[in-house]
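Common to both upcoming complexes is chain A, partnered first by chain B, then by chain C.
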Partner chain A sequence: MRRYVEFYLASMRVSILSQIQYRVANYFYMIGMITEPVIYLVVWSTIARQQGGVTGGYTPGTFAAYYIVWTLVRNMNIVFTPYGWEWRIREGNLSMELMRPMHPIHSDIAFFAGWKFVVILLWLPLAVFLTWVFKPTIDVTWLEVVVFFLAIWGAYLIRTMLLSLIGMITFWTTRVSAIFELYFGLELILSGRLVPLTLMPPWVQNLSAYLPFKWTFFFPIDALVGSMSPRELWTGIGMQVLWIVIGASFLNVVWRSAVRQFSAVGG
Partner chain B sequence: MSSVITISKLAKHYQVPEREGGLKAAITSLFKRKYRTVKAVDGISFNIEPGEVVGFLGPNGAGKTTTLKMLSGLLHPTSGEVSVMGYEPRHRSHDYLRQITLVMGNRNQLTWDLPALDSFDLQRAIYGIPVEQFKRTRDEFIDLLELKDLVNKPVRNLSLGERMKMEFVVALLHRPKVLFLDEPTIGLDVTMQRRIRTFVAEYNRRYNATVLLTSHYMADVEALCKRVIVIHHGRILFDGDLSTLVNQFSSYKTLSLTLPNPEVDLVKYGEVISREDGRVTLRVPKAQTSQVTARLLSDFQVDDLTVEDAPVDDVIDQVFSQKEAA
Partner chain C sequence: MNLFKLAWTYLRIGVLNELQYRVNFFIQLLQSAISVATGLIGLSLVFGQVNNLAGWSQSELLAVMGVHILMGGVIRSAIQPNMERLMNDVLNGTLDFALTKPADAQTLVSVREFRFWQLTDVLVGLVILGIAVTQLQESMGALQVVSFLAALLMGAILLYCVWLMVTSIAFWVIRVNEIVNLFEGLYAAGRWPVSIYPDWLRTGMTFLVPVAFAVTVPAEAMTNRLTPESMLFAFGLTVLFMLMARGVWLLGLRSYSGASA
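This part shows the complex of A and B:
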């Protein structure tokens, strides 16, 4: 256990130092990324104003809060993508990772976790700017802040598991992009990324309750900007833990099979 | 003494899809695929004793890397048995991985944007190396490879040779007992190759590590390996001392002589390979070496004469061509 803690700390440190080298590139990347939520925000704020100031319980101010927090959650949700798996197998880097006495997933989680600290630092001025422009309405309690902090890391882990599972398809086929695009489409609709889930039809909301996507976007954002009860907040964290466990279990099973495949054909 | 590496009838066969070019063949292959079996490794057996440094030689596609990958657990054998220090490599148990290393000349483990010291520290965490041992080993390797002025430079600013030396430090920080080295000096200049060879030899001496080395540079093999295993088309052609290989397969020797008049006609004594700075090099059939030497000494005023075995590169070529012909 101690070895893993030391590894995570060392790897996160290396990641932070690497990302600081590319701070300007990271900043431009983040600025580019806020285009998406700003478009959603402008569209929904306009609709809310046209409907007398409120739509689906959201005012322009609460929409602003939702999408500003969205920008941080989105950055926290960046993980090692299926394209990364494709690359590491094609280039033979997986072989070197398999030679380590440690599952490669730890390396992925630790590296991107380190990046998050850089991202949060870079996000703060952007959040201040967006707040100044869009005037969000937000009223938070300490419990919501604590749950939000836990939930963004939970979202990160759930998405890591899901995209690693998709990435492992590359052990059998080198073309994973079609499945990734399908995942991306489902996530857009069922996660709260495109629009707060409470604005979606009831059947979409019901469906999303049984799928992992909601816990990677809507839940963390709503934990901070919504008005969930303490029970709902902790239940949400519990659901995230459940999806992390389910994801990790699937990952373990698929990984064993994937490594057998890799060991049969080489890389 | 029990062997560190034991391989028995080890084989790795691949099913490779194949089809002819053209649209018709492409459509046909959608419904009926043809496969060909490629025997990358075809029933090889050998043992390696503790502390041995063995050269694993063969042309491209001979099965060297496939064997090294099976030994390191990256590939599962099709048949046969492999045991390294009593472990079955294909299980890739963490205990096993902590005691071996695989260095591939075209792969790297260093973080590109950071000084190598940061990669060393990460490696310490991965292998759970005690801090004191880590510092001692790191400093020892930095000293041996003369890296003191380079470890603080970002890896991207290092030359290929400097990076390779750093790769060796990273790969050996956990002090593995068995080293699988796959073309570790590929692309390096002569000086850097020599430095790497010296380092491997020193590591072997200090830690009694067992080394299996593939290299296309015979200088690596000559400097490090007493024993060589020659593999071709997945089968072992020779396993024994390098000197035996040279004796067994070399059909000629090289005579170098310094003459007052180096332009003299020497065709009747052997094949003239070169004439440089007053020194003539002749290739002479091995069986006639003594006779030709005696004739040269009696026919000319020879200032200096040396007789050498054929270069190992030529001997290896000879092995392959003899076996191909057979």
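This part shows the complex of A and C:
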């Protein structure tokens, strides 16, 4: 156990130090990412205004709050991508990582977790700018802040598990980009990334309750922006833990048969 | 005339190369289908709430979406691959090979690559546009078709100019991938008509990255919203951007020093 803690702390420190070096590149990347929520925000606040100020319980102000918090949650959702897995398997780089005494997923999790600290730091001025431009209405309690802070890390872990699972399809076939795109399409609709899930038709909301996507996006945002009861907040965290456990178990099973498939070419 | 012959030859090579990998067409088609589906879901969510968005009806927005997909296909088949190759050439010093050829260097670097299967999006965009126009049940005059094609062509030239200018920054700072990412973000905003955006963003989308002229203006031509003034303005802007792109390219070229090649 101590071995793992030391490994995580060291990897995170390395990743923080190296990503701080690329702060300008990181910034351009984040600014590029901001256009997506701004588009949704503009479209939906236009609709809310056309409907006399409220649509589906959201005002232009609460939409602004939703999509500004969205930008942080989106950044927390960035993990080692399936395309990265594809590259890692195709090029044979995985061979080297298999030599290590630890499952390669640990170094992924630690590296991106360290990066998140840089991302959060860089995000703050952007949040100030967006707040100044779009004037969000937000009203938070301490409990919401605490749950939000836990939930963004829960989201990070769930998405790491999911995308690693998807990426590991590359062990069996190499034409995977279409599968990845399909996955991202589903996630866009069912996670609350496109619109708050409460604006979706009821059957989509029911469906998303049984899927992991909403716990990576809608739940963390709604925890801070919406008005959930303390019980709902903690249930949400419980659901996140459940999905992390499910994801990790699947990962374990798939990984075992996947490594047997793997034959490195070079690397 | 020589330049057109050059472009045509490269185009043929590109097409022949890509025709070897036919399965890619189906993969491309699947990917287009996914992006169309998510776009349609977005539209249906909007029109589940209201019956027009800032004065644009559902069919009109469908036309905007069609043009956006079509133009995206043009960018990814003809513009982006060339500019990415140019970036790598500047980075690796291999631009020497293009510069030592007797043809005009700007033309050469702009026509070397062509991704044939990306034209799937052009096709898909045209189909969506066709559906939108049928829904609008407007008679298509010859003038309308001509102004649509002209607006489309000017839009493509404008986007090419912006890409070339952005890529030319590589002569000074080498790493421009993140700026490309920024461009893609702004292009995504063109999915909706620019008139819905707040002023500062609309200005950026008109003059910085002219998505307004690349997507909204052709869509306006198709939906009978276009005024002769905005057509004339688009023409003026196109000429201006072409001159600017040429200037930036020549200026950048001066600070290019081959590395090792």
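Going forward, the second predicted complex is superposed on the first by the 262 of 267 C-alpha atoms of A that agree within 3 Å, B and C clash if a C-alpha of one lies under 4 Å from a C-alpha of the other, contacts with A are read in each partner's own complex, and residues count from 1 in each chain.
Keep this in mind: a contact is a pair of C-beta atoms (placed from the backbone, for glycine too) under 8 Å apart; a residue touches a chain by one contact, two chains touch by 3 or more.
Quick caveat, the model's predicted, so the values are computed rather than measured.
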item	value
First (chain B), second (chain C), both or neither touched by A:34	second
Which of chain B and chain C A:17 touches, first, second, both or neither	first
Chain B versus chain C as contact partner of A:248, first or second or both or neither	neither
Which of chain B and chain C A:50 touches, first, second, both or neither	second
Partner chain(s) touched by A:25 [first = chain B, second = chain C, both, neither]	second
Which of chain B and chain C A:120 touches, first, second, both or neither	neither
Partner chain in contact with A:105 - chain B first, chain C second, else both or neither	neither
Chain B versus chain C as contact partner of A:92, first or second or both or neither	first
Chain C to chain A touching residues, read off their complex	23, 27, 30-31, 34-35, 37-38, 41-42, 45-46, 48-50, 52-54, 175, 177-179, 181-186, 188-189, 191-192, 196-198, 200-201
Chain C-touching residues of chain A, taken from the complex the two chains share	24-25, 28-29, 31-36, 38-39, 42-43, 46-47, 50-51, 55-56, 133, 175, 177-178, 181-182, 185, 188-189, 194-195, 199-201
Residue ranges of chain A touching chain B (in the complex, touch as defined)	2-3, 6-7, 9-11, 13-14, 17-18, 21-22, 92-93, 95-96, 98-102, 260, 262-267
Of chain B, residues touching chain A in the complex	14, 66, 69, 72-76, 90, 92, 94-95, 97-98, 100-102, 104, 106-109, 111, 113-114, 118-119, 121-122, 124-128, 154
